[in-house]
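Notes to accompany the following structure.
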Amino acid sequence: MVNIGIIGYGYWGPNLVRNFFLAQDCCVKAVADARYDRLAQLSKMFPTILGVTDAVDIINDPTIDAVVIATPVCTHFTLAHKALSARKHVLLEKPMTASVEEAEILINLAEQKGVLLMVDHTFLYTGAVQKMKQLVEERELGNIKYLDSTRINLGLFQSDINVLWDLAPHDISILNYIVDERPYSVNATGITHTKNSIENIAYLTVNYSSGFIAHFNCSWTSPVKVRMMLIGGDQKMILYNDLEPTEKVKVYDTGYTYANDEEKKQVLVDYRTGDIHVPKLATTEALLSMANDFITCIQEKKQPVSSCHLGLDVVRILEASSKSIKHSGTEIILETPSVPVIKKGYEALI
Amino acid sequence: MVNIGIIGYGYWGPNLVRNFFLAQDCCVKAVADARYDRLAQLSKMFPTILGVTDAVDIINDPTIDAVVIATPVCTHFTLAHKALSARKHVLLEKPMTASVEEAEILINLAEQKGVLLMVDHTFLYTGAVQKMKQLVEERELGNIKYLDSTRINLGLFQSDINVLWDLAPHDISILNYIVDERPYSVNATGITHTKNSIENIAYLTVNYSSGFIAHFNCSWTSPVKVRMMLIGGDQKMILYNDLEPTEKVKVYDTGYTYANDEEKKQVLVDYRTGDIHVPKLATTEALLSMANDFITCIQEKKQPVSSCHLGLDVVRILEASSKSIKHSGTEIILETPSVPVIKKGYEALI
Amino acid sequence: MVNIGIIGYGYWGPNLVRNFFLAQDCCVKAVADARYDRLAQLSKMFPTILGVTDAVDIINDPTIDAVVIATPVCTHFTLAHKALSARKHVLLEKPMTASVEEAEILINLAEQKGVLLMVDHTFLYTGAVQKMKQLVEERELGNIKYLDSTRINLGLFQSDINVLWDLAPHDISILNYIVDERPYSVNATGITHTKNSIENIAYLTVNYSSGFIAHFNCSWTSPVKVRMMLIGGDQKMILYNDLEPTEKVKVYDTGYTYANDEEKKQVLVDYRTGDIHVPKLATTEALLSMANDFITCIQEKKQPVSSCHLGLDVVRILEASSKSIKHSGTEIILETPSVPVIKKGYEALI
Amino acid sequence: MVNIGIIGYGYWGPNLVRNFFLAQDCCVKAVADARYDRLAQLSKMFPTILGVTDAVDIINDPTIDAVVIATPVCTHFTLAHKALSARKHVLLEKPMTASVEEAEILINLAEQKGVLLMVDHTFLYTGAVQKMKQLVEERELGNIKYLDSTRINLGLFQSDINVLWDLAPHDISILNYIVDERPYSVNATGITHTKNSIENIAYLTVNYSSGFIAHFNCSWTSPVKVRMMLIGGDQKMILYNDLEPTEKVKVYDTGYTYANDEEKKQVLVDYRTGDIHVPKLATTEALLSMANDFITCIQEKKQPVSSCHLGLDVVRILEASSKSIKHSGTEIILETPSVPVIKKGYEALI
């Protein structure tokens, strides 16, 4: 049995509580939030959970094994650092931290303390992403050539992070999960329509040495909600529409080949369209699977699907995107990671 | 009566012939195409039109008043230059030319010769674009803040121009038609999946001094066809989906306002959602309207809706986009036009 | 404070519990279900609610004021009769009873005992139906001419009632709520693909003296889920698509007029298409509104929106539809109600 | 070479002319229409075709081999009778005739004269219907259980035939083409909103002895256009949406099985959902294929896909539907055909 404390009971908090409530082998002991009205809501829906106003009460509680941090990004580092220092396992909401440096310090600290540090990239646990991962791994698509993502809606303007940091982590985590190649550089452009210089519309291109390309279109100011991703291979292509109730993933038997016509000095490209296949997806609740993965990995000393290393790679791209926007879209080369990627059990290093 | 010759009878040629056939006060006299099978098709469908293999036969024909050029872009300049020199009115398919320099030379030549030079940006004549132009002009949207366009499908790989030059002219012409402000700079990224270095996927951001931003997503390698444009104002927003049979333009009574909370040092943004309105659109055939505009402007010595100046502005953005792609997405500042924009009759300068 | 007992904790039970949990001025004291595993689920999610295996324990409990009955239709009459006899207010799930006779007995009993008898036609409380009711009442549609409903999906085959009794109550309740005219007759056809003679596909036409017509298409064996209703007036028409996340109700400025051309002995009909309007809908939770209506009507001795009289009228149409199916689609004239429709407070009769 | 005359140049006429223009081995010699403006339009678009005002000029022309009749239904019999009597091959627009009796007389006359009588049920030649026919024949769907069709839009009110005679022939022809079993009876209901007693909304159920059922929902007064058909088998089911540009036919790996639980005296039905498959369809132009079939069958003395016998079966159902509507929805048993169905060459009988 893993005893859990949750810090932050805002928009996402109730979902976390309910799913850890349903998860195996764990018990939600306490929730911290500085706002009294949020704690009142908590006690109405979950009368058995202790509500506290100070996160320190959770971090210092010796009966609590693991801490879930669902607060604004700017507070992630300090809270997670305290919790890891107190040898608590930590689950951080996405994005992991406000910088690569913060993420690397936390990863090193977790390894040093021998505890699990995980990031909640919930989408990785959906039936849709699991199916796409499988299709790419089994080389159904052939060589993958591009990923194109649009995630726009009329959304809450965040006051601490821009629209890429807010919305793109979902799609970048999917990119990093599905594509093995390490990205080479990024370009990003964007605009702010408020006075606080925080972009509410932004576009991100991620470049790869192999010729693969990924693009992300994010906006808080679209009148319509779009959650669409294309993944193109030279054999087949995927359309992933997360708003479709049942047909989220469509596989198009579509591809293109090219030949060099030496005589005419031109390139001939043929494309091909065929049948479309809509695979049935697993209908598991992604957030519950994520919660179960957290608990299981604590108990079995494993790295979860949504690991801190994947979380760091997402922050690396986000940090570079902010730098590119600041420099008018200039290409920013992604640095080699200073923290080695560990795929094994998290205990391996201690 | 305006006598017309059409050069190029490829994919678009038959549509041009049929619509000039139906247009008022004009007669399609001859069509030139070097391919015999194309001329055979012409004579089957339109037995009264003369087919010739050499464009010069049309340009030199003294009974022909106006020449329509529907050949690959790389040939536009030479053919148009010859036709204008022979004092023919000229309609060029989009994009106008392969460079800003070429376009400027042609514009100057047309003015010097006192003939009409027009570019076929057909979309400007659709009921949808006309309605959007009207909504923006009447300030229904308030201050417009962004335009976001996606034009992707499984398309023919062109061998002379990249995907932006092929697909984006439609959307850039709409941008230039609807937005009065002159763009400041562009950033573009893209990738080629063939050996000829011609991008088949590309992304373009057009930046404006006022904070307006436009973005274009173009691809020949999407398994699904998307023709979608968002135009956002602070009062209302438009979704333009060209694939919708009847509800192409939707107007969302949606907007956002922001306030500076001095005390808390943060920006508060409120957004608002309201009703949606789907205006009935004029059902005129756009290509026929374009043809009629060409004929009327020749006869009345006026500038058409789809003028050579608008065509030049499209090429200016395309040329800068190619430069940006070549320089890894670096911002390219758009030069001030050396040809003055003329909104009056084309005869004004001669 | 109204103390509530709920009989039946099947598919719909948890939703009822949760919403009465959230409703004002009421307390869910006990839930009855004969299945131990259902009671175990109850105590996990709602540890404060008493679970009992025998419904009689709830009906006989003097501290319970009102009983919610969410069991199979065939048990509605007996359970409701017992509860009303014990002077409990009763909320019955739809359809109200298995016959008109049963419904009339219950209505008379409730009036005699001076308690509230209500039927849970949840859809009447949705923002969509409220908006449609308003549009019809304000005569936005002009004279309404037809209602056409399709409610099909791959659904659970019920073992006690056919597909019309299972699915059509939603749409018939909307029909009866929106249309004032009393229906004249029904025709129904259908088919069973099992051995138990319970139709899994059925079609129902409801005829009105005025020329209004309503049609219902219901199926448990459709591979796709459709929840669509058209309501046509001679001025405007409504498309109600309940599966649309945001644009559930569309109002078409579309209509038709006809003229009698005496000379040519023919009827000329003109139709007109105009703009489409998508009104913003109230986003209240329908089931919670229904629960609140039940509590408020108990306290204020009023008739609810989803009254027992409306519930009876739904059963009247269903009963006639079964008779028509049994007689190969023959028209069945609807009898005049023997229970007077009361729109005032339920206490008025005692 | 087959010389063709076309009678009637209304809405559908130009499409017929253009496709017979493109068809192999035939020549459109003349078109008859009493309206001068229609003949003017003809001569503008097709200057080589002779326009006449009297159909008799076509029927009596000895150089014309075949007559296409695209006039109102009430004139089909007289015109076709004259043409067949003059030993012309005849193609009738759908529906074939205004009554079963008329159709049977024409079929007998055609056989007696040794000429081809064909009905233009164009939909049978679409890639979608061809694919569905193949799927049913190859027993991909298992035993087919139902067909459910909706064909509604804001349509022209016909002054001679009701909405079933106008719209349902498309869907009934598909039904008859795909389903081998002979229908047993029909029920139909409907309503007229004009003074001429011609239904503008109507519903038709076609019953089969085996338990198969077909239903048709037709309306001229829907604000939205729907062209949807479901065909359900116990192994797989088809959704055919004719308005989808590319994904017209979807095959759902969905089915249901039932077991009789003797002990509990109840029927247990299981349903199953699986993948969805969207087959690529042939992209042939249906009207051109129909025209080619007409010409080929004349030349090779074969019966076409869209034969007069299939056309008669459509009329048989339509005639019974009118009778059922007149008798308030009463079931009308379909009579056994008095004309034997011939699948072989049309010359077989002479």
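Per-chain numbering from 1; labels A, B, C and D assigned in written order.
Rule of thumb we're sticking to: a contact is a pair of C-beta atoms (placed from the backbone, for glycine too) under 8 Å apart; a residue touches a chain by one contact, two chains touch by 3 or more.
All figures in this text were calculated on a predicted structure; none of them were measured in a lab.
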Greatest separation from chain A - chain, by CA centre: D
Higher-contact pair (C-beta pairs counted), B-C versus C-D: C-D
CA centroid of chain A to CA centroid of chain D, Å: 54
Rounded Å distance between chain C and chain D, as computed from the means of their C-alpha atoms: 39
Separation of chain B from chain C, taking each centre as the mean of its C-alpha atoms, in whole Å: 54
Per-residue multi-chain contacts in chain A, two or more chains: 273
In the complex, chain A residues that touch chain D: 247, 250, 273-280
Complex contacts: residues of chain A adjacent to chain C: 47-48, 225, 243, 245-246
Touch list for chain D against partner chain C, complex: 145-146, 148, 150, 152, 154, 157, 159, 185, 187, 189-196, 198, 200-201, 203, 205, 207, 211-213, 215, 217, 219, 221-224, 230, 232, 234, 237-239, 250, 252, 254, 256, 258, 260, 266-267, 269, 271, 273, 328-331
